[in-house]
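In what follows, structures are represented as structure tokens.
Look at the two complexes coming up: subunit A is in both, with subunit B in one and subunit C in the other.
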Partner chain A sequence: MFKGEIRKQSPKNLLLLFQILALLLLLAYEQMHADKMIFIMAMGLILIIYLSNYLLIKISSGDNYIFLIVTMLITIGIIVIYRIDEKLGIKQLTWISLGIFLFFLVYFMVKRLKKIDDWLYLYLVLAYLLFIITFAFGDRKFGAINWVSFRGFAFQPGEITKIVLIFLLASYYSNTEKWRHIKYSSYYIMGVVYSFIALLFLQKDLGTALVFYIIFASIQFIYEEDRKLILYNIGLFLGSGVLGYVLFDHVKIRFQAWLNPWIYIERQGYQITQSLFAIAEGGFFGKGLGMGHPDFVPVVYTDFIFSAICEEMGIFTGIGIVMLFMIFVYRGFKIAISQENRFYRILAIGISTLFGIQSFIILGGVLKMIPLTGLTLPFISYGGSSILSSFIALSILQICSEDMTSREDTDE
Partner chain B sequence: MNKEIKRIIIILTVLCMTFISLIVYISYFQIFKASAIKNNSYNKRLWINEQTILRGSILDRNGNVLAYSEKEGDSYKRNYNYGSLYSHIVGYSYREYGKSGLELYYNNSLLNISDSTPINEIKNIVIPNTTGNNLVLTIDHNIQSRARSLIDGKKGSIVVMNPTTGEIYAMVSYPDFNISNLNENWKEISEDMESPLINRAIQGLYAPGSVFKVITAMAALENSSYETQYNCIGSEKIEGYVFKDYEGKAHGPIDLKGALVKSCNTYFINKSLEIGKDTIGKISERFFFNSRIPFDLPVKSSQFPYKEMTTDVEVAAASIGQGKVLVTPLNMALIASGIANEGEVVKPILVKEIVTKDGKVLKQSDIEILSQGINPLGANTIKDMMVEVVKSGTGVNAKIKNVTVAGKTGTAENSSGKNHAWFIGFAPADNPKVAVSIVLEEDGSTGGKAAAPLARDIMLYTIENIKD
Partner chain C sequence: MYSILALIFKYIFIIVIYLFIFSIIRLIYLDIKSMDAISFEDRAYLKLINRKDSLPFKIDEHYIIDGDIKLGRQNNNDIVIKDQYVSKEHFQIVEDEKEYYLEDLESVNGTYLNGDKLYDIVKLKDGDIIRIGKIEFLFVNRE
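For the complex of A and B:
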């Protein structure tokens, strides 16, 4: 028993070492104008994370690794953001602290809620409500309407909608018996998801639209009994993709800038080529923190954070990040497989797919492997909405990693 | 395993594959594509070095400064001393228009940027580099100026080189442009129909016309087809297509030497089928047709696509340097050098040395034999024929008193309707010191009339003035 406890705790200590080394790196970069305040804040964050990990092992009987993986991602992210812009770095620290708080809050609240698999209509209404808010109060930023400003705080409702979508799908597919009496119910769900995608298209938020589609397609692939619907789904998607290319200029531009950004280098291809320059300059080992020029890449602290990481820390760190995401997704699916309760199982699949596909789309985009669509890199990019919603999703995944069937048995 | 778990694992596998593909792609990108992307002139990082490092100077073989940088406020300003004279060799380095010529291809040396290895990077952090290296060229400023004045107002290229060492003494392409004030006339230069930006000496592909006959003659020596006599009646019919000699003139009974001296088309056309396209192709490839000549600036590949020639007419036309044969002036200079140098083709050199600001030689270009174009005996046979060309044949205008000159003229038909005038040659024939290749693009005149006198002038000037 005691031995098992040590084994459980040791990765957490390794992580502590990792974070202290990272802090030293930051201090080495900052040596000229080292600020006591920053040091205290960073130590504070390390402490919060250490305690959270400690606490989590105590209170949660579930997976101990996903939070550790996320902490590594956060550490790399915050160093790079701080290096690009000190003020943003401090803001990001605040967001992360808030995120961890939210993580525990959601963890305790959602865990206590019963019958949340029954609230399909609530999720439906919530999702549309979030869209309505976006359209009614949305601002246009970087070409897409997905920001809502409220008393000086801007947030992206789309980040929350992703989680609501996963709840909606989980709620439907975990109660298929209940919905069987409605004919074509699966078609209705597909229609609902497509209406989301269409709305995202109108907001010009292509990245999120793609994330929605892939989450839906994955869950549908696993749980839909009407297999020909999956074919319809793929066909419809390809068809609407082609239609989108023909009808909408912003789709066409993205595609052309992907095919050959060098001829559009002054305009549409500017971002992606600047990103490629940064990655190419970094080489395998990077220029060293503070030695590169990530400031040449537009919106480097959100969508293009990976280019900055590659420039200064090399593609070895870049590959490390890809692997962290891969391990995270693997853990997520492992959680899903060992979860007996179908609702929580689907939630786990949905959330793992969300993190997996979102990181792939933006990483592939900044590398010019696939067309670029604006998305944040979960846990690494700067941004309140992205960090908070990611922690909410993580918290739900944490719940899913616990034995939910036994809980129900004892409760009832 | 039940169906659900199976499907979950399929989705997991797909996701993992996408991540692995990312890792593969990023590695591929870094290994194969990164270096080219880094050097794109839109990469602002290239110009950051420019503000902190004094770009090295470019000098000719005698120490004349062709380009140098000086401090102006916070950054450095690049100066070019000779206006348009070195527009194609030195090239330019402007923030607005990027880089060209040696300024582009020797950028790292000029800025003293080492290859990006971890050790070099650490070294650079400890001792930041502030001064670039100088380039010493093989160019002789006086010969370059002379060549430029000879071609002024015409169109084309002159290459003057040492046939035994490969050093380029002069390389002129005309029209050219003034590199010292690109800002004022960039639009004009870049839109000029005569394309002054192109370095014709290495990027221009021309029909060689009769200068190519030296290759065909070497091929004839190779397989003994030269032994039989031929009677020239002024025209030759191949598969119904009639080839004519210049102005339809009949040369009567003629051998290989006579055919080269009088530049008899029908002789080579008749023999070409006997020699065969493969033998001509093989010889031409030894002289770097269909492949890239290694050089300090990128050279276009000359073309002798003998594998694609399907009809006798095509082979016949190619044997006299018409049809599908295309050649760069530098390549022709290399052929002349090869014949002068007992068949050995030397690597052309433009940058002689890379020197640090303290005068330490970092890199020196050595003489390198690229290939044996033809055996020494054959080379001397062709040389004797080329001497006769200048003595009594089409190249008499290149004759120099007290110096034996070897040469070959060419008058190449092309799509413009106006012939290119060619001359290649070297002197003195018994101890070659200089080889030339001259092309006057769309000149309308013949090689013997238009190009040979220029060759005479530049060869004489070089022999009299060159210092080793």
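For the complex of A and C:
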């Protein structure tokens, strides 16, 4: 029994070892212009991560692997971001600390809330409100209107809408008896989701539109009783995909840059070809941190972080990241299977699908397996709203992993 | 100087990342293994006789008796069963020198051992059937 207790600690200690080694390397890298501030901050983050991993086992009766996996992903991400741009690295440190704080805040708050599965209309209003905010105050950045600036603080409402969508779908499909008296209620919910997708399409945010569609399709596939709706959904998706390709130029450009980026190497294909060069340059073990040229790839710190990781830390680290995501998504579905409460079960499915499909789309795009659409790699890419919303989703997954049946009637 | 360090560290990083992944996979593997087939060989346990899906509340197929255990509806029990026929604290099994004793904790609906209502502490033997409400457990102790 005691032996098992020690062994259970081992991944946590390996994570700590990894972080300390990275810090040592940083020390060697920075020896000429040593800045004490960054070391204190990095040490602080390591301490926060270690403590939260330790505390979470005590606080939560649920899964204790997902947070561990996420902290590993975050560590790899921040090392590479700091190496690309020191200022961004320091900012990312702050975002992550804030994210972990938010994780615990949401964890305690949402756990207290009762009847959150009844607030369907609230989620609906919230989602449309976030879209209105984006359209009213949005800025165009990298070809898509998905940024809202507020007093010099920019965020992407789309990141939050993803979570609201999962809540909306979970709230609908967990109370099908309640909605049955409304005729064609499933058609209405499909219409609502398609209106979201159309709005995202207008913002030219194709990646997020695809994520929305796949989350909806997977939850619908599992829970919809009217099976022919699923066929309609697939048909409609294929139809609108073809229509989008014919009508909109930005879709066509993405598609052509994917089929043959080499003819467009100067413009549309530049990013993807540079990314391929960077990955090829890294080889199996990489060039070593600080020895490559990840800055050749445009916006490498968000969408293309994976190619920077492959260049400097090797394709083995890249495979490691894919494996970490796979274990993470597997844990998510495992949580969904063992959860008895239907609402939380759908939430767990939605969140696992979100992380799985988002990392699949961007990794596939960077490797030129599928057409490239701008998305962040969850937990690794630089970005405040991406990190914060990912931590909120993780926190909800943590709640889902707990046994809800024993919680409902504790106060009898 | 730094380039040599970077060269060494890249291999170390990869090794540590993979050790991390494998330690997590191992833990998950152990977790799954313990779920569907714990080795019951040398331990005493309670086995559910009812079909699990016929009962409308959360219940496990097996409960290992590790020391003294208490069964009841309240969450602080070792075995929590949210059935209306189960009292807040229903019965307990006490271990004493490799022997197990069953005691009813003044439950409302009573505990039945092999069909007879329990009034005081009884020593359990392998194959005994414990019934509360409509739930039936088989006591297994193969020493």
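Please note the rule applied: the second predicted complex is superposed on the first by the 393 of 412 C-alpha atoms of A that agree within 3 Å, B and C clash if a C-alpha of one lies under 4 Å from a C-alpha of the other, contacts with A are read in each partner's own complex, and residues count from 1 in each chain.
We adopt the following convention: a residue touches a chain if its C-beta (ideal position, glycine included) is under 8 Å from a C-beta of that chain, and two chains touch if they have at least 3 such contacts.
The structure presented is a predicted model; accordingly, all values stated were derived computationally and were not measured.
Engineer: Just from the overlay, do subunit B and subunit C fit on subunit A, or is there a clash?
Structural biologist: In the arrangement built by aligning on subunit A, the partners subunit C and subunit B fit side by side.
Engineer: Return first, second, both or neither, reflecting whether A:M323 touches subunit B, subunit C, both chains, or no partner chain.
Structural biologist: So A:M323 meets both subunit B and subunit C here.
Engineer: Which partner does A:L276 contact after superposing on A: first (subunit B), second (subunit C), both, neither?
Structural biologist: A:L276: touches subunit B, not subunit C.
Engineer: I'd like to know which partner A:G288 touches here: subunit B for first, subunit C for second, both or neither.
Structural biologist: both
Engineer: Answer with first, second, both or neither: which of subunit B and subunit C does A:G241 touch in the superposed model?
Structural biologist: In the superposition, A:G241 contacts neither subunit B nor subunit C.
Engineer: After lining up the shared chain so the two structures overlap, which partner does A:G356 touch, if you call subunit B first and subunit C second: first, second, both or neither?
Structural biologist: Once the two structures are laid over each other on A, A:G356 reaches subunit B alone.
Engineer: After the fit on chain A, how big is the angle at subunit A between subunit B and subunit C, using C-alpha centres and going to the nearest 10 degrees?
Structural biologist: 120
Engineer: Using the superposition on chain A described above, determine whether A:I337 touches subunit B (first), subunit C (second), both, or neither.
Structural biologist: first
Engineer: Output check: A:S10 vs subunit B and subunit C. Expected answer is one of first, second, both, neither. What do you get?
Structural biologist: second
Engineer: In Å, how small is the closest CA gap from subunit B to subunit C once the two complexes are overlaid?
Structural biologist: Nearest C-alpha atoms of the two chains are 6 Å apart.
Engineer: Would you tell me the residues on subunit A in contact with subunit B in one complex that are also in contact with subunit C in the other?
Structural biologist: 285, 287-288, 291, 323, 330
Engineer: Please output the residues of subunit A touching subunit B within their complex, sorted ascending.
Structural biologist: Its residues touching subunit B are 218, 221-223, 262, 265, 273, 276-277, 279-281, 283-285, 287-288, 291, 293, 296, 310, 315, 318-319, 322-323, 325-326, 329-330, 333, 336-337, 349, 352-353, 356-357, 360, 363-364, 367, 369.
Engineer: Quick check: in the complex, which residue numbers of subunit C touch subunit A?
Structural biologist: Interface residues on subunit C, with respect to subunit A: 1-3, 5-7, 9-14, 16-21, 23-25, 27-28, 57-58, 75, 80, 82.
Engineer: Residues of subunit B touching subunit A in their complex?
Structural biologist: 4-5, 7-12, 15-16, 18-23, 25-27, 29-30, 33-35, 37-38, 40, 42-45, 48, 116, 118, 121, 125
Engineer: Which stretch or stretches of subunit A touch subunit C in the complex?
Structural biologist: 7-8, 10-11, 14-15, 17-18, 21-22, 25, 28-29, 65, 68-69, 72, 76, 285-291, 312-314, 316-317, 320, 323-324, 327, 330-331, 340, 403, 405-406, 409-410
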